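Both of the next two complexes hold chain A, though its partner changes from chain B to chain C.
Here is the complex of A and B:
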């Protein structure tokens, strides 16, 4: 068995002993001083992610994985396969998560339902991230008229209740879609993207405002950097952590919002595209006799949102500390 | 190799700014004024400053906090924001008027013709960009060179500013370096594109005293080796002593005295300069000497006092000073300029000081300082 390497403290003790010095409190004190920087450096480098964050990451990987693999998984067809005789039945052999009010298999509904939910969640925030981030960065860097106008625009958009704004956009954009049967995933994604723009824009603007006052921005300017260079190379990398932590929360909110829109009848078309949101809506009429429909879909949303929030926090804790160490 | 040759050529041709004939100074600033429009009134931060700087020479600009020295250097470089800033006067660089140029016109000059080292290396480096990228960044946007070649240049630059293991440092981030190291990196960035004029805006104020001298020596060597003109802005006369060719002392937005460094230290003419020199503690002073101070505080730049702006704090003040502002004009020695009606070391100055001493003017008491303060229990 290999001998463990002596710690700096032990090394010092042996050294002092060899030199005929007594190993006393002084040794320990010096050893503590020696030991601390190395220890903290090691902690900084590793900084483990924590069990919760790994679980959250695991769940997200699992959900995204099954959503992507849905067509090749051995699942019943969520729309075309149904057994009316078994409708509203709870978990049983062959249907481990039970069946819904139309006799469709809950497991395959949930797996297929993950697709539009995740598409809407990630898609809308991705659009909002790019658009809101760009506008916010510009608003924070170019004060003056551009900044005021964009800031005002964000405030106006934020003043309109988000759900009503999203409803209005879905209603306006889905006129061409089959009447009264709900909307396409794209429409909901765009609606939620527009709603998320001012939120991400404001966060980015606030962060960019404070960063663009830093001397290194002036220093870059004094070296002849163009506005684009300053925005892209100096400001953006500093603003990204704040944007990411809000965006991750935003994905969670968007997944829930898709459900909220479904409740209001402006969600994704349940007949053609099951989503977590419209599964809940479909099941709410039978809450007393078949609660498993609503509960299972809610748990799927709950775990995903919880994972995203937790992962967002963990990421921020990992990347946002740079400033404190300077 | 063909691409290496192309790079060399592009490095040289990047110097697009035409050089003036050698008899024209590199930088000429003529009655520069910079005011800030605020809610409380117009702050005249720089109020009619005139100086010129030859190639390869160094000028120290000295003054208290808030006297306009930083604003002056940023104003000359054109780095001040547009909003609420009013500039007038002329700035000629290489004989060409650049005082009224827009930032877009100035941008090709920044970095390649004039550069600045900032006060606080803790905040003037981007915390999330590696040292290497921060040095190569200006090289890449000013010159048509490959990133590999820019990296070679960065290593050479770090070496020349005295940073050990430059290869390793390139990959490090600012928080991994000490304050002195960061200021060295800042200097490397500033000189990367070979400017002809370097502004050093209090480059050592936020550094450890032991590091200050190293950084100042480094600036001096770089300035000499590259034959740059340098403007060293500081509040500390000790910093410019022996390191600059000339010194300009600023007070309330104006230059009040300008002279070759040696002359200024040996024969200050302006009472403000004399008071600044007197306020430096000397090793030879007896223990418990009271430090000489300048009473009062710098004037309000929105409503500056009438006459000489230093008159309320001056030990030599006479009635004339409170009414008429003295112009900056050369004394009998020629190169030594000062703005004072009763200059130090002249018969008029001595008479003014004596009469104030008899009258018990507060500034005289503070100015004299010097005598030992009796402290109980200490012999």
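Here is the complex of A and C:
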């Protein structure tokens, strides 16, 4: 059995150590993220996609499915239908998950609420993935001035705590917030996308930095391949796994952040667009007499985040295998 | 020495950049910021405010004025008559900032105090049922948003059992003597960090325990407890320290949410109120201060890091 290749994180760390450079905090953080426990074991034998990962995938497919099918499912209208006489009532016939503080059906609120939550989670990370990934790849491949500038840009963006940055962007950009009607899904998505750019960018940069030293990149360059071709055909396929696993975790963070923004008054407008986050905030005032509202919405967030975290970890373990086969 | 100078220069650049960003925020507000600050003010008052904020000057001149005022502690006032009108922003800030810092410190100390022993023991007992259970619980807590935990703690511990006060709304409280108010916020903030730190330390510790010097120590007959906490902990704690430093950013973000939930008079609550009341002048300063605190903490961690890791210290001495 050949000696397993070091992971990009280890390589990056040793590389910098050899050059006599201090391993900066950022590299260590990334190394900590890439070097997962059990990765060495996983590298030796192909780890099967466990039961947990299938369950996680199943839950995500289910949630995405009902979110997409919400308009055709036989549900009460989450906004226009309400029965004030039944408000705050727990699960019962006709309302298997109970009703909220406004007498709306919890089941349809949760199904419709999945839409903005998932849109924000997947949308923001998709944008961050493309923008941050492109910038990170460029920064890792073209070292020198461009790399330094982009790396500095990421550092500056990361210098403002993520929630504060997102809050500031939503507060400053959505005119509707200033009229106290809440903000649009788009505003929240873009704010979280901006926040995710430096995170994904830095991971990609670190990974691209280590891969671009490899012989196959040198070979491609010697054959006269263009920069674009090297980036697209040689580096990107190798960098994608690290990006993917971080992105999956990022989706979970974005879904949670949507709720945090709602608490801070910069979330999606609860009256027109119920989301998991603002359902929790809405039910919080009645937590002692009608805890089912917060509990149900929390379970929805919890299971989704748990699934995404588990998948992220599973992807990392699995992709490490391919990395070692090169 | 050279690396220190480079680091210092970088630090200054980042400080300038984040203050510039905080300042520019007001430019992102659609329309004339003066209309948001005093929508019903007369034209004369609006013109006065525009002059006070240097809105008539070129952008970089405005920034320069603002930056100079900011660093001399002159951060302007709350405008309008409704919410805190006329109150000086820097006064508010000096009350709120220590509060948030103490809250974050409590959360960090609690998280490390629980996570370090747990991380060491799970690494030592890796693969056992205890290890598996701890990891599963930690994984679960990672998926639990801190605000959900905060709501449940508030309802069960504070309202139903009446053990601790629920909210500090409208009260002047000190984070030290009124510690009863701080318990639930600290726990809500710390739980997710415990999970992160424990998992990190565990994986680093497992790697360290495979090293030769551990075998040597065992061969010498050093007791296990001493090996774990004296020999293995320090080399395993580097990633933990860095992440704990970087995590201050996440803690500041979490603290904002938790402060709002428990109505604690910290930076987060002040920022939340400023945004809600459209106090953009205050908002600029709060965001700038939060960012600067975070940058300073990271800078200190970066320096500490090289003190703690002899390899970096020696590499530096050689260079």
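Quick notes
Heads up, the rule we're going with is that the second predicted complex is superposed on the first by the 272 of 326 C-alpha atoms of A that agree within 3 Å, B and C clash if a C-alpha of one lies under 4 Å from a C-alpha of the other, contacts with A are read in each partner's own complex, and residues count from 1 in each chain.
To be clear about the criterion, a contact is a pair of C-beta atoms (placed from the backbone, for glycine too) under 8 Å apart; a residue touches a chain by one contact, two chains touch by 3 or more.
Quick caveat: nothing in here was measured; it's all calculated off a predicted structure.
Of the two partner chains placed by the overlay, neither chain B nor chain C lies in contact with A:57. More residues of chain A are in touch with C than with the other of chain B and chain C. Once chain A of one complex is fitted onto chain A of the other, the partner contacts of A:221 are limited to chain B, with no touch recorded for chain C. Applying the stated contact rule after C-alpha superposition, one finds that A:206 touches neither chain B nor chain C. By the touch criterion defined above, A:70 reaches neither chain B nor chain C. Once chain A of one complex is fitted onto chain A of the other, the partner contacts of A:234 are limited to chain B, with no touch recorded for chain C. Within the superposed three-chain model, A:317 lies out of touch with both chain B and chain C [touch as defined at top].
With both structures placed on the common chain, the touch criterion links A:264 to chain C but leaves chain B unconnected. Across the complex, chain C meets chain A through its residues 3, 10, 13-14, 17-18, 21-22, 25-26, 28-31, 36, 139-140, 142-145, 147-148, 151-152, 154-155, 159-160, 199-200, 202-203, 206, 238-239, 242-243, 245-246, 249-250, 252-254, 256-257, 260-261, 271-272, 275-276, 278, 283, 287, 290-291, 294-295, 298, 301-302, 305-306, 311-312, 315-316, 318-319. Listed in rising order, the residues of chain A touching chain B in the complex are 143-144, 214-216, 218-226, 229, 233-234, 237-238, 322-323, 325-326.
Against chain A, the residues of chain B that register as touching in their complex are 77, 79, 83, 107-112, 115-116, 118-120, 122-129, 133, 137-138, 141-142, 173-175, 186, 189-190, 192-193. Against chain C, in their complex, chain A makes its touches with residues 17, 20-25, 28-29, 31-32, 35-37, 152, 155-156, 158-164, 167-169, 171-173, 175, 177-178, 252, 256, 259-260, 263-266, 280, 284, 287-288, 291, 294, 298, 301-302, 305-306, 309-310.
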